[in-house]
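We call the chains A, B, C and D, going by the order they appear; numbering starts again at 1 in every chain.
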Amino acid sequence: MIIKENVKAQLQERNKNQGRLLVSCPDKPGIVSVLSTFLHNQGANIIESSQYTSNPENGIFFIRIEFRCENLIERAQEIEEAFEAIASVHEMDYRFAYGNQVKRSAIYVSKETHCLVELLWEWQTGDLNTDIVVVISNHEEARYMVESLGIPFYYIPANKDIREQVEAEQIELMKKYDVDLLILARYMQILTPNFVSHFENRIINIHHSFLPAFIGAGPYERAYDRGVKLIGATSHYVTNDLDEGPIIEQDVERVDHRDRVADLKKIGSLIERRVLTKAVKWHLEDRIIVKKNKTIVFH
Amino acid sequence: MIIKENVKAQLQERNKNQGRLLVSCPDKPGIVSVLSTFLHNQGANIIESSQYTSNPENGIFFIRIEFRCENLIERAQEIEEAFEAIASVHEMDYRFAYGNQVKRSAIYVSKETHCLVELLWEWQTGDLNTDIVVVISNHEEARYMVESLGIPFYYIPANKDIREQVEAEQIELMKKYDVDLLILARYMQILTPNFVSHFENRIINIHHSFLPAFIGAGPYERAYDRGVKLIGATSHYVTNDLDEGPIIEQDVERVDHRDRVADLKKIGSLIERRVLTKAVKWHLEDRIIVKKNKTIVFH
Amino acid sequence: MIIKENVKAQLQERNKNQGRLLVSCPDKPGIVSVLSTFLHNQGANIIESSQYTSNPENGIFFIRIEFRCENLIERAQEIEEAFEAIASVHEMDYRFAYGNQVKRSAIYVSKETHCLVELLWEWQTGDLNTDIVVVISNHEEARYMVESLGIPFYYIPANKDIREQVEAEQIELMKKYDVDLLILARYMQILTPNFVSHFENRIINIHHSFLPAFIGAGPYERAYDRGVKLIGATSHYVTNDLDEGPIIEQDVERVDHRDRVADLKKIGSLIERRVLTKAVKWHLEDRIIVKKNKTIVFH
Amino acid sequence: MIIKENVKAQLQERNKNQGRLLVSCPDKPGIVSVLSTFLHNQGANIIESSQYTSNPENGIFFIRIEFRCENLIERAQEIEEAFEAIASVHEMDYRFAYGNQVKRSAIYVSKETHCLVELLWEWQTGDLNTDIVVVISNHEEARYMVESLGIPFYYIPANKDIREQVEAEQIELMKKYDVDLLILARYMQILTPNFVSHFENRIINIHHSFLPAFIGAGPYERAYDRGVKLIGATSHYVTNDLDEGPIIEQDVERVDHRDRVADLKKIGSLIERRVLTKAVKWHLEDRIIVKKNKTIVFH
């Protein structure tokens, strides 16, 4: 357990006075002024701020503000209560996030472990701002590497005939471990609407194609058959429409006629691991706002 | 006419003793030996050679050989006749190409001229190994820039109601100008199977998406709606299946949530022009073999 | 003259109520609040805002704000006068820019015209937010294409022996045409400190290497000799240290052992034109702040 | 030891009838014919072949041929003896390589283990065609992960004062383990000419910059100070000129003004691991010929 607890403690200490405020509301003049004046009056200093307006005329205003504030842990409740009035006046959707509240992640994995390996490595080096509280798999391959880091590992066999029962068990585990984010690191099982409804915009999947090309199964085989010159991977939030959720990140690599399906899979695995890792990082840093079926990612 | 004739004369002189041989045949031991010995006996020196075998067991063997040979123009017929016997024994599909026989290209364009501008520019600087013999458009926008370079320009209004008549006229023009290659530089009109059948593997199109994503009309609008993080362009040979022909080249650029449809179009236009230009170059250098619905591109 | 005046008129009309404010000052809590409240009180609506702080402790605060304001042309002076007091209190360096004041650019070019061609093309399509008021060259190659667009062209032979006299003439022309930005589109002449001092952070050069590799002459030849696997181009502001000015943008392309110097130059020319064009666009949109010898580019 | 021996056995079995022939010689007509006829007569089937000629006139001819041959292990000596006569006539430099002779690698590492982790991962999945016979480090950080895979680990403290003694010890180990390839996976110690002379073109280093920019120590710090917009990594063979050896592979990633030195190091570490891994793979597949101070890499 030493590694796991050390990572968590270091992340908490490093970020303890750091907060984030994400807001969306109908655009109108003066919103930036209202928000920045509020934070200033609360003793918070804005260290990073990004905004976006969906349309110059009658659009939606979105902003992500990162701030520092002395004794933020103690001050948080007071700040949020004070903000309530402003949010109400300006019809704001908003959320605060605090550096000491390290998000709790569950990783779902199947036989192929390259994405899991990458996530664990980034996490061990302190570059993934999360506490990995549990790993769930329908195979045993990953057990040793997970448990040796002090992370609980659950082997839950899964197939479409026992889907509901499997998902019930998984939902229980998510509750038990109080999970904030579910990462499907090549989990390869389709989730039911019921399962998805428990975790809206909190399940990140990696699809092994450049969506919307090759939705569904066997994307590398179909990319090979089509003779594409680039292959890709897509990280997205999971919705009830298979591979149709809001896209967070995509990337591609060049291939050519000499690459067989196995080569595409190998090259693809390197794309998948970096695309998923980026998407997970941005989620953990509260850089993403979902708007209809698209994402706004504040880099 | 000065520019056009100068470009052609320079290309002919530069490449006059240069030849290419493209071969595909059932793979078996000794094919490279047969081909290289033949060329050596004909006094030709291999200066570049690339091969590919579709499968180690009972696959198809493909090779592109670039060679130099003194007095190649005079020798060509003799070489081809001698090769006939070898080709027959080994069941070879093959073609010879000669540097002095500069391929004759027709460019089809609509209102948007960025791809045409790029092709004309590459051609003027001697980097596009072709004689552009005619430009055809269903709009007048491009007339001035085309004619000022000494290239005939034909304005042929087109829409789906008059498609057959328009294509008949175009086919006549292709015959009149003895066209080897048709380049659809954002022509935006669907071609009938009859038209396509006249020019098998000799029509190159640029589609403004990363195929097979966003087949058909309005790809940038649909890319915007889907919220993709990369947009692309695809150059392919035209077949009777819309946007389903053999892919020659693809590329992408990064976009984000701030990019509106107009931004995607602008960024996309830069991708389109370079992807189409590469595909056309490779075709003109006989670097492409079409195999079923895929391309082998020997770089 | 029709093209040139049309472009300018369209740019002015499109951006007439659009303003930008760039500020840098010692960081302290409340700066964003001060600025956004000021603009709100002036009736301006912030449509885009990016900030950066060089260091969380005692750093420098930088911000670029894009805003819209009714009747901005008439209001500008009043707004600037009101801002003076705020700027003074917070020790701000700042500048306002207005959409109707289209920046006046001069392009310097030598024999190779690919960067010039690209800039003229982007400008004609309305994608380069400037009035190209003059082109200066030490060769005649570009005269026809420049003058046919209604842009004055000056042929001024140049070499190191007559440098001072040439620069005196150029400085006069810059004054005559009231030039805001000098774009060295492969001009290939070294400028004296005297010349540079007239246009601090207003001369943008394209260097044909990935700086700081291959500073000085013959970068493609030296890249070839070194056997690099990527070649690049760098756009930067010109200072008195050759090729050492603040970098605005860089990009690269892959090459391999088969590419000779001429191939590197050809591939490089495609990099140069896009890197220079991006840098020029960002300057024209006031996206760049120079800080010591580095640039902050707000995308 | 199970993992290590399994990897080796699988590689040997997979490649047992596979051979490679690399040749360089003065170019003249008929060389391809000679080589391909020879292999055909030996019962070998060419499955991949790439050639390159340094200059059309009086250049050097280079070729890499991959072939399959029944009972290659038993036939190897006979084939090589027969080839001797041909090589002599045509003044060929050449080498044969055999799939069953898995190359033996030593990895040198310091405190930072990201490149080592990547190499070990690729090796475990069977994607690195080598037997990793020993890991040497001047720190203890990597011991556990190395030994748990059954690979011997040697801790040899090193600094410039004891360089000769350290290198003598290392050379002994290289002999003991019969090492073919030395991989400096961020080893961070300068090697003496004596050490290098023992392993000509057999030491691969990863330098954490886009060479020739930022030769020597502290490249990320210097990249930060210079304000570059891309950072890179370079894999090269080690010679006696620091960071001046033949470049095998390079790559870059985009950075911006917000990235501090620590960010550059993090982004750079991802570039380093993939660039080093590619270079090592190509070496192990005999895809590289060193010619003066440059590499020919047959992809």
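The rule we apply is simple: a contact is a pair of C-beta atoms (placed from the backbone, for glycine too) under 8 Å apart; a residue touches a chain by one contact, two chains touch by 3 or more.
Owing to the predicted nature of the structure, the values given are computational and were not obtained by experimental measurement.
Asks: Among the chains, which one keeps its Cα centre farthest from the Cα centre of chain D?
Replies: Between chain D and every other chain, the largest centroid distance is to C.
Asks: Could the interface between the copies chain A and chain C be described as same, meaning over half of its residue numbers are common to both, or is it different?
Replies: Interface between chain A and chain C is built from largely the same residues.
Asks: Using mean C-alpha positions as chain centres, tell me how far chain A is from chain C in Å, no decimals.
Replies: Those two chain centres are 38 Å apart.
Asks: When the C-alpha atoms of chain A and chain B are each averaged to a single point, how far apart are the two points in Å?
Replies: Measuring from centre to centre gives 43 Å for this pair.
Asks: At least two partner chains per residue is the criterion; list those residues in chain B.
Replies: As it turns out, chain B has no residue touching two or more other chains.
Asks: Could you please specify the touching residues of chain B with respect to chain D in the complex?
Replies: Checking each residue of chain B against chain D gives 28-30, 32-33, 36-37, 39-40, 43-51, 53, 56, 68.
Asks: With touch defined as at the start, can you tell me which chain C residues reach chain D in the complex?
Replies: It is residues 52, 210-214, 226-230, 232, 246-252, 256-258, 293-297, 299 of chain C that touch chain D.
Asks: What does chain C use to touch chain B in their complex?
Replies: 117, 121, 127, 266, 270, 274
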